[in-house]
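In the two complexes that follow, chain A is the common piece, with chain B as its partner first and chain C second.
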Partner chain A sequence: MSRGTQVQTVREWFRARSTGLVGGAFWAGVAGTVTLGIAGCTHLLSDHHPAAAAATTQDLGPAEAGTRARVRLLTSEQYTNVIHDVFGSDIEPGNPIPPLSRTDGLLELTSASVGVTAGQMMQLQRSASAVATQVMDNGNLDKQLPAHRDYLVPCKPKKADAPDDACAAKFLKSTGRLLFRRPLSGAQLDDLVGKAHHASAQLKDFYAGLSSVLEGMLVDPMVLMIVDQTEPDPAYPGRRRLDAFSVASRLSFFLWNSAPDAEVLKAAESGAINTPAGRARVVDMMLASPRLENGIRAFFDDMFAFDDFDTLAKDAMVYPNVSGTTLKDAREQTLRTVYDHLITRNRDYRDLFTTRNTFISPPLAALYAVPSVPGWVPYEFPPDSPRVGILSQVSFLAVHSHPGRSSATRRGKALRELLLCQVVPSPPPNVDFSIVEDPKANFHTARERLTAHRSNPVCAGCHRITDPIGLALENFDGAGQYRLTERGAAIDASGSLDGKNFNDPPGLAHALHDHPALPTCLVKRMYAYGSGGPLSDADKPELTWLDKRFAATGYRVPDLLRAIALSPAFSEVAEIPAVPAPPAKTASLTAPRPAAQ
Partner chain B sequence: MRNLANRAHGLTLCAALAVTGLGSSSLLKADEIHTSLQDRGHTIGYVTTDLHWSVYQTPDLKADCPDGLNGNGPRETFKALFPQGGSVVNTELAREGLKVFPTDKPAQFPYIMAAGPTAIGLNLDGKVGPNDFVSPSGEQGINNALFRVIGCNAQYRAPDGQLQLFANKLIRGFNFDRIMIELTHVDSLVNDDDVEVTLYRGRDPLLLDATGEKVAPGGTQRIDVHYGKKLIQHLHGRIADGVLTTDPIDGEWPWAIYFDTPAVLHIRDMRLSLKLSPSSADGLIAGYTDVDSYYHWLTSWSTHHLAYGRLDPSEFYWALRKAADAYPDNNGAMTAISSAITVNMVQVFIEHPAGSSAEPLQRTADAAH
Partner chain C sequence: MKDLTRRRVLRGMFNGAAVAVGLPLLNVFLNENGTALANGAPLPVRFGTWGWGLGMSKSIFVPQKTGPDFDLPEEIQMLAPVRDKINLFTNFNALRDAMPNLCHTTGWIILRSGSAPANTSARPGETIDVTVAKKIGTTTRFPSLTVSSTGDPRDTYSYESASSINSAEGSPLALYNTIFGSDYQDPNAKEFKPSPKILVRKSVLSSVDDDAKKLMNEVGAEDKARIDQYFTSLRELERQLDRQLEKPEPRATCHAVKAPPELKTGVDYELVAERHRLFTDLLVMAVACDQTRVFNMTYSKSFASTTKPGYEKPHHTASHEEPVDQKLGYQPMVSWFLRRSFESWAYFVDAFSKVKEGDGTLLDNMLIYASTDQSFAKIHSIEGLPMFTAGRAGGKFKTGLHLDGAGTQGARLGYTMMKTLGVEITSWGTQSNNTAKEIHEILV
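After this line comes the complex of A and B, so read on.
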């Protein structure tokens, strides 16, 4: 499908939405997959807002840099966060958005190129219906359920069994602004109020009518997708920039993993968010917000590939101490450590891999063989502990292992790919395991097995770049428990990382700490995450500037977040040369139209 | 003293906590553990996971209960005593009252005592007498008169005796029963002729393993220093060939068996005999259990439950008094009965409140290498 066709498809989608039946019935007509990969087209969608004041950007990054305007489907976590932030955490939306696959090291980067199937739309419809019902429910004293309508609808209708346009408008205006992440136009609001009137009259229930309109809003593509809308940039004639509300959304999903709140939207409405000083105030406010924790955790959960925990299981016969709770806590431990180290303490990112400070819970304490107390408490491993940095935490060790044993190869591969942004080739399809699977070989340790495996030249190439790293973590078994021996043989935990040799896990941690690719990898991942799509060669000047900036600020992540958020590239639109896109099947909402010119 | 104190932006959340314990890992070899003990404060704790009254039983009953199992439970005795029924006061309440206030009157129905020469237990008096048993491993002079009383009652027999099953199950469910032992001054879990043992009650849930059925070693328990203060008890002992043996004390062992109905066994000359490992302690609690405290323990189990195992409480009381073999009262009636409880424990870190401590633990289990 050409880019023009893609744009047309989305236009059709929007048109169908605007004329669809209350309650999101328009989705019912969609029978196939709608491709959302429409980078570079969104300037066609709107051109509403006047330019913000021009500003000097000399110290904020390369002025010529920009990012592509994209349309991204909300991730499952973002959808949940939006619902919770708008209506409260006791409104349960379910899980209507499926997990994403990984692109360039991040799940988030796939959200601009996913499809939504008819089945997924049905799930979204169900979720919307459930959310709307909860928001409008009248509570149940017997079940101790609150009447959400009493505080989520900011007014009382004159009659509960009849339309009340004024009250409906009040609710729809305030809720619509948060859900659509921009104010509703007068026409949009009138349309929604009219639908609410019609539904309330038909159903003889004000709240049921309002619920049906809310349900329709919740399946609106402009709610479910983050659409970068652009406008001419008055500071650079001939170039385009994100409009103020798109900047607000991009900032908010970057820093909070959720929609902008009322304050951020206010800065967008005033246009301040598109001035350097105004945006700096907004970004500083967002960095100081408690919602930042959601954003930081979401980013590192993505970067560390912790979604693997969702399907992780350990052999209970081999690791009886590892329960589902243990693994859940392992993920939580690292995310708590990350947030505490990088944000609360504002420490050097590289020190995350050598810090002895963490948090611990009773199930984890049993694996670490240390005491604990109920709940989560700060914990510091002693100076002579082999536990140094997050590499030696149960999360990394367990998730990059087999169900019943450790894996030096998986650990080495994960370290290179996730933390250093290097690519380790996949194994060939015809790997010969006969040497390591020979029962007569009597290998005791992983080092012995892998040494034998590397005798096969087909395997040696990749294993040489993964195993010397992973073998340094062999003092930790597949569940992350410390050990000195394997099958009665002493473990040799020596290894090397790109020319730096070490003898034990702390040695690896310090080698990683000093590896030049460690901070630059974070910059790449974080910039791509913030801009919502994979990087390209065009991003190199911005990345180079960010690398220097990150180093100059002592590798402080809040400074990096701020630098990305304030850089011109974050809101300037990069002009992408038009290239014919590969053909793709799309759903046809109406009769096929010719491609846009 | 092991401090969990950690600084986090000025927060010292647990500086007041002093925790002692010995890290254990089933993957560590014994020699590594011994080194660790010397390095790590010479302290190890264990928490109770299972308690069963020690009953030596054979599949066909021939050796232990050649006359079969007791058949006169509450339903059977009631039917025999009141074939025509009667008023509630004179029948049902009369029998229930007798459960709560038993008399010294002789049994009204035949009671089957366990026979045979073999019983599980310890030689409490250091002698070998005519009424003593032989242990399954051949040790002479075993004192366990309680076995005679309970051995042929279905309530107490594995695998599905109600009392054995549920009384044990509640060990894990009721914090009231959360007894721990802490060994201090331990140089070796194999041989050490001078070990201090302290009993505490814990106040935290047990840490379950991946199956959810077993208790995992490595959990942490805070000491109940309020309601559990009177249960803090000190023993002195020694370890020989991996078995801890303590000197006797007059001890208290809490064991609630019925929906939080508190019951505390008073055990005279109570001592422990436990096979130790870095991750577990298994063996016996033995001594002369006070008859009245034992009967109170039993009758906190409801009558209808006792009926399942055909155990009539007033008949049982007679048997208990008859078999009692120690601590006579002024009239020469014995007030305590030799007994043994099979106990299983797993390693646990015992957290002491601020201001008190056991031996210092300077490093973590996996940090000392």
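After this line comes the complex of A and C, so read on.
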């Protein structure tokens, strides 16, 4: 595409948007140019992802929508991914960034508001030092350790014990571009080469000097923080958009949970990433990349609150066959199911909650009481099995239970909050437990206990919105094992979800599948995750558009990822500073609060 | 031992003799009165905090007698060996004014920051340890260290602001590597040569933020504050490197410690106690080797989720669901969990008192503050909160006392401690928690 045509395309794009008539007529006009733009890279598109041209004939979303320019601190996983992507997965960075708490249901959103304390900076420095040392190490033949410097430094110094500016510049230029996620300026590179010269001379070691400079880069705020930089939007005087490199980073952390690679940076350097055709090409390439798996897993791990597994343990006396490995595998099982279902097979998101297809490992086979085969193998639960969808997998059941017993309330609360984006209020400070704690009452099952608890009107309001969901999962104990009785009494697994009644776990799965908030909640979470911070009222038009789009594509997640990434809102800066969203709707309007069970 | 001179001991040590030889050796590093370092600098006073969740069982916790020689009711009997090294504070209040009573949150935040939070993610002001570290933590390698016996980095009672939480280290092995890993400089090492690597590291860092600074005008006020804090932390890192370029004072009781084992995940009470022991032993040596003068230990988070194998309710669940035994007058299993907490508190205090320093112990030159989130957790009460201190703060604090606060602000203890540690304030706390009234009974 010639430069002239490109400019023309951009102009037309924005003119169409400014008229508010983004749609068929406009796109018919530019389709020719757009197709040309992607002609050279069709090899990058997989069968699962529609060609860029097809998407650009569609509406891309509300033209006036935008998102805030943000400053985000890398999360622990992002930091590790960046180090692995830039230097290789055998470089071990440690865990210098502590886990976050949740904002609006996601850990990732908190990264837009956390700071770095002095104590944490010291951890970051130690990690930087460890990474730099590994990158520059000379290996050890006896221990069969490779000399990383031989392949991570793209040149050999003239003398190993003296500075070599040319070689240092070569390394710093290419590594700096990936770490800073944009090319270094001439002055910046000169400064780094100067520092390397000084350090190598001082330490009488080329690599040790280079290592020190790398260490410094790895604690640079511009490396550890994703700072959205903006520029005037040529199509809208007075409005700003993310600059090309900020778009590259936002896309990359959204889809890969890591920094942009050389290809994506190239599209930013040429400016193509800020044109509709260029953006579509880049996004399709990213969706076809093996790195997508990291990104998808990171998103769902966050949305499903699987970080709870990091500190989860089960009572070994109550559940003797649940070890740390079992729980690790439970998390893995669901993430594998998610990736396989949503991406590999490109199936309806809602069917994730009714699918019988999954993967099993030997420790899990014991819990599920199915035959054990070495390694991870695909497995389909038989039609008469109560295991339907990911809610009936050990991960969800075990993580939302107590260490030694199940919890209908926790499971119900998790389903509402994590999957339907509703908020269940916290229990009031002065809960009266006198009924449930009466030793003479002799409750056998969770249902008996909770029914008694709900006789207290203060507790009833919220427990009514959590328990009827959770009680349908009572056929699974606190470790996710199937059971028909509790303390000798038969379990009644009937329940209801917002007006739909059912008698067993599969019944709940199907009610959830058909719940209107299931897909809209995913849209909300994914859009907030992609744009890097909490949503506000200003995001409503974009969310409404995405909801429609998600439904129209049969709830296919790759299409949703693509729609978010290509929407104008993704890179336009919101004119009005976003105000925090009002509290999400609670599931019950009259809601007093439930007590923790 | 009599004819040991400072010079001889130093020479002996420099020749590689074990440093942990004998405790009396310590005095040869000090002046004649054993009250200051040999170079004339006063012995440093250190500050630590200890946090536990879910309060107490009042009827078997609060002693009958106030003042010295107080009785130790059933729930705190295990404190007998350390009773005279601690003070127990009961009947102090956290006042929330118009703020809500946020379960398991309001109580500890008021006791640690002097202010009531407006919601569960609010973190008003900063915690005492942060204020104190600015005063006494500026000369050591680590301004402060924060650990959690639960193993979860999020279980911390320390923050600089709502967006800057001091995460806890959850792994004793990782703490060991942080303190005693490759960057550790043994204060008793035979020779000291400033590491050229650290010099280089410092010069590399000096201009690291130049480009980021250019952005400051482009971002919003909140983000600007966060980037600013990043720079402040970088400057603190440089100061830390500076300190590593100076020859450290010899520390006689500082000796090499072994790397602890990696523990499995979980909050089974035995595992928590083991993690607590390993962390405590490392913190004792971190203080003895003057790597830090401020530290925070979380024994259990405010919603303590400690478990007992075979008992289906974690501590927090039990606190709500277990009936008060009519005959005993308390919740037996809840008290069982609380007793495990106080056993660890006794271990903690004892560990610092086992190390000799000057004419007393390390603990004598320390002040440790222990606080919780509720008084009676079953109903989330924040009235009549219990607190402890341990140590004599370099001779400024009396110990062995039980104080009845008569319903006055718990923030008074925070204020008293900070004044004692030299923080220049004329009052502390906001709204009803604001106080300028020290607890004079504990002051020497």
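We adopt the following convention: the second predicted complex is superposed on the first by the 518 of 597 C-alpha atoms of A that agree within 3 Å, B and C clash if a C-alpha of one lies under 4 Å from a C-alpha of the other, contacts with A are read in each partner's own complex, and residues count from 1 in each chain.
Heads up, the rule we're going with is that contacts are C-beta pairs under 8 Å (C-beta built on N, C-alpha and C of every residue); 3 or more make two chains touch, one makes a residue touch a chain.
All of these numbers come straight from a predicted model, not from anything done at the bench.
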When chain B and chain C are modelled together on chain A, clash or fit:
fit
Quick one: is A:L484 in contact with chain B, with chain C, with both, or with neither? Answer first, second, both or neither.
first
Please work out whether A:D340 is in contact with chain B alone, chain C alone, both, or neither, and reply first, second, both or neither.
first
A:Y368 in the overlay: touching chain B, chain C, both, or neither? Say first, second, both or neither.
first
Now for A:A316: first (chain B), second (chain C), both, or neither, which partner does it touch?
both
Chain B or chain C, by number of chain A residues touched:
C
Chain B versus chain C as contact partner of A:T230, first or second or both or neither
second
A:G209 in the overlay: touching chain B, chain C, both, or neither? Say first, second, both or neither.
second
Which superposed partner A:P427 touches (first chain B, second chain C, both, neither)
second
With the two structures laid over each other on chain A, which partner does A:S385 touch: chain B (first), chain C (second), both, or neither?
first
After the superposition, what is the least C-alpha distance between chain B and chain C in whole angstrom?
11
Per the definitions at the top, what is the overlap between the chain A residues touching chain B and those touching chain C?
316
The answer for chain A against chain B in the complex is residues 314, 316, 319-323, 326, 340, 344-345, 357, 362-363, 365-374, 377-382, 384-387, 477, 481-485
Touching chain C in the complex: which residues of chain A?
69-71, 95, 98-99, 101, 103, 113-123, 125-126, 129, 188, 191, 195, 198-199, 202-203, 208-209, 212-213, 215-216, 219-222, 225, 227, 229-230, 310-313, 315-318, 324, 402-405, 426-427, 429-431, 433-434, 436-439, 577, 595-597
Within the complex, chain A is touched by chain B residues 2, 4, 6-9, 11, 13-14, 17, 19-21, 23-25, 27-29, 32, 204, 207-212, 214, 216-220, 222, 349, 351, 362-369
Which part of chain C faces chain A closely enough to touch in the complex?
101, 103, 120-121, 142-146, 150-154, 160-161, 163-167, 174, 178, 181, 183, 196-197, 199-201, 203-205, 207-212, 215, 218-220, 222-223, 225-227, 229-234, 236-237, 240, 264-268, 305, 307, 309-314, 316-317, 320-323, 378-380
